[in-house]
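What follows is a single structure, written as structure tokens, with notes after it.
The chains carry the letters A, B and C, assigned in the order they are written, with residues numbered from 1 in each.
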Amino acid sequence: MDAHRPRTGFSIKTDSYEGPFELLLDLIEERKLLVNDLALTAITEEFIQHVRSQEAFPMEEAANFIQVAATLLLIKSKSLIPDLELTDEEDADVEDLKRRLLAYEKVREASRELARIYGKRVMVSAGERPAEPMFAPSRDLSAPALAEALARLLAAREEVEKLPEAKVKPMVTIEEMMDRLASRVQSAMTLTFKEFAGGTKEKVEVIVSFLALLELVKQGAVAAEQYEPHGDIRISHTDTSAVPKYG
Amino acid sequence: MLTPPAALHALLFAAGEPLSKQEIAKLLDIKPAEVKTALKALTASLEGSGVALIETEHAVELRTAPEAAPLVKKLRESELARDLGKASLETLAVIAYRTGSSRSEIDWVRGVNSSASIRTLLLRGLIEGSEDPNDKRRIRYSLTTEAFGHLGIKSAEDLPRADELMAMTQAAAEQEAVADSE
Amino acid sequence: MLTPPAALHALLFAAGEPLSKQEIAKLLDIKPAEVKTALKALTASLEGSGVALIETEHAVELRTAPEAAPLVKKLRESELARDLGKASLETLAVIAYRTGSSRSEIDWVRGVNSSASIRTLLLRGLIEGSEDPNDKRRIRYSLTTEAFGHLGIKSAEDLPRADELMAMTQAAAEQEAVADSE
């Protein structure tokens, strides 16, 4: 995993994360930061690298991670482009993530406290005295009652087992988005973010597109320009000899 | 740190059966004379507490105090008289439709810990346990003949929807073996 | 005649398992407020005795005192607690510090699906679920006396940093309720 992030020097055991909050907090704590916008902006890239490196995520977990990645991107893009207007819903997502992260921080502290004491000083119940069994059936015991109890139990089991499947829906990966963006930039040389993200209806997809864009900007593969506060973002190839600058 | 009488108290409570004075000396790592002193102190401190120390020549045991006998009788009667309730009914159903289920299999099928229910069912004479011949630590449960009698049936095959529910319970329990070996 | 705390002591000792406060009131034929007083008196009188009372919101059980753990281990090796994984510990922590948490509340604060952890904790008998009286489809979870026993604490107030961490998780749950109703 270290090969993926030569610049940071952090080594994170990527496969041991069950959820996104755990990874987020680890990244923040390693930098000795507090949970706030600044910290979230600082760890966005590495968080996303982690998500990208996970090819074999179970779908439901992937959705959790990508959702958080999308919100991190909102926070980061707001910090990069102060004029960027977030919708009410996006604002709510940002606030929700921060609240949940603060709450999770406490839960993690609590779980560490419990880990410290769990099983260390076990209090045991009274020793079992073999009591003489006495045949004592009850009013609610009958053959139909047994059949009904078991049928209900088995039906409830089945429902629980079916649940995860229903939740799974196909999700674009960040890699797919990166590829799409790169090839479109190369062929069209200049296109706007709206054009690029147009046609995708899922909010997550739009945001993943944006993330991919920011990555390319950072890598110097494309240039992104925004000429007015609420204007569209123009994306162009950075090879200036091949592409005339607009403006 | 616990005082010797307190340590003795904890030991007897956890044992649930008589412990020999020799064993006590060994477990507490004290001399027989000290065991005697500790027993005396514990007897005194339990005075009027509802629980008492029963001492024979070689062994000691914790028991409810004689004054509590009517209360204990009331508890036993209430334990035996109340409805089985959802948890125990489910547990009994799993055992009825899959004779020889073990505790971990019942837990797995039900998705919750079933020890308390198994205890209740044993106490009420509705199920009985026997050692698994292949694994002595594993107890396998089955309905008692009295339970079949109360249900008005001769064997498990006479239970309602027997084939269907037996197959389903079997399938659910088999998943436990898979999960266990993972 | 036994005093109420002594009668309670005898009852809990004879039961050998958790008794609900409701059952205790019925068996001792006293009011809930009197049960509370008797519990308090019994807890106090058991102080330093090697045996202690574990009290959850609804149930009570007699257990060996935490200080007796090394001694009891010699007697009942099998009771050694199996370690809990990180996910299960987190889930247990949410429920411990905010009793009555529902699955969606636990998911909200952990950012992941917690059903597997909840199942593990149910199977180990560390938590129990009960229907929300206001919404029958919602199950609310709480710690069992078994969980307190494994943590070596007598009640939720004895949880590490109880006041601070309970306040925080409470605030989190309220946020979740707001988010949920939107």
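Assorted remarks:
We adopt the following convention: contacts are C-beta pairs under 8 Å (C-beta built on N, C-alpha and C of every residue); 3 or more make two chains touch, one makes a residue touch a chain.
Just so it is clear, the model here is predicted, and its values are computed rather than measured.
Distances between chain centres, each the mean of the C-alpha atoms, put B farthest from chain A. Nearest to the overall CA centre, using the mean of each chain's CA atoms, is chain C.
Computed centre separation for the pair chain A/chain B is 46 angstrom, with centres defined by C-alpha atoms. A straight line joining the Cα centres of chain A and chain C is 33 Å long.
Computed centre separation for the pair chain B/chain C is 20 angstrom, with centres defined by C-alpha atoms.
Along chain B, residues 13-16, 111 each make contact with two or more other chains. Residue positions 124, 126-129, 160 of chain A are each in touch with at least two other chains. Partner chain B is touched in their complex by these residues of chain A: 124, 126-129, 131, 133-147, 149-151, 153-154, 157, 160. On the chain B side of its complex with chain A, the touching residues are 13-17, 80-86, 89-90, 92-94, 96-97, 109-111, 122-126, 128, 144, 146-147, 150-153, 158-161, 165, 168-169, 172.
Looking at the complex, you find that chain A touches chain C at residues 18-22, 60-61, 64, 68, 96, 99-100, 102-104, 106-111, 113-129, 160, 163-164. Interface of chain C with chain B (complex): residues 1-3, 5-11, 13-17, 23, 26-28, 45, 48-51, 62, 64-65, 67-68, 71-72, 74-76, 119, 122-125, 128-129.
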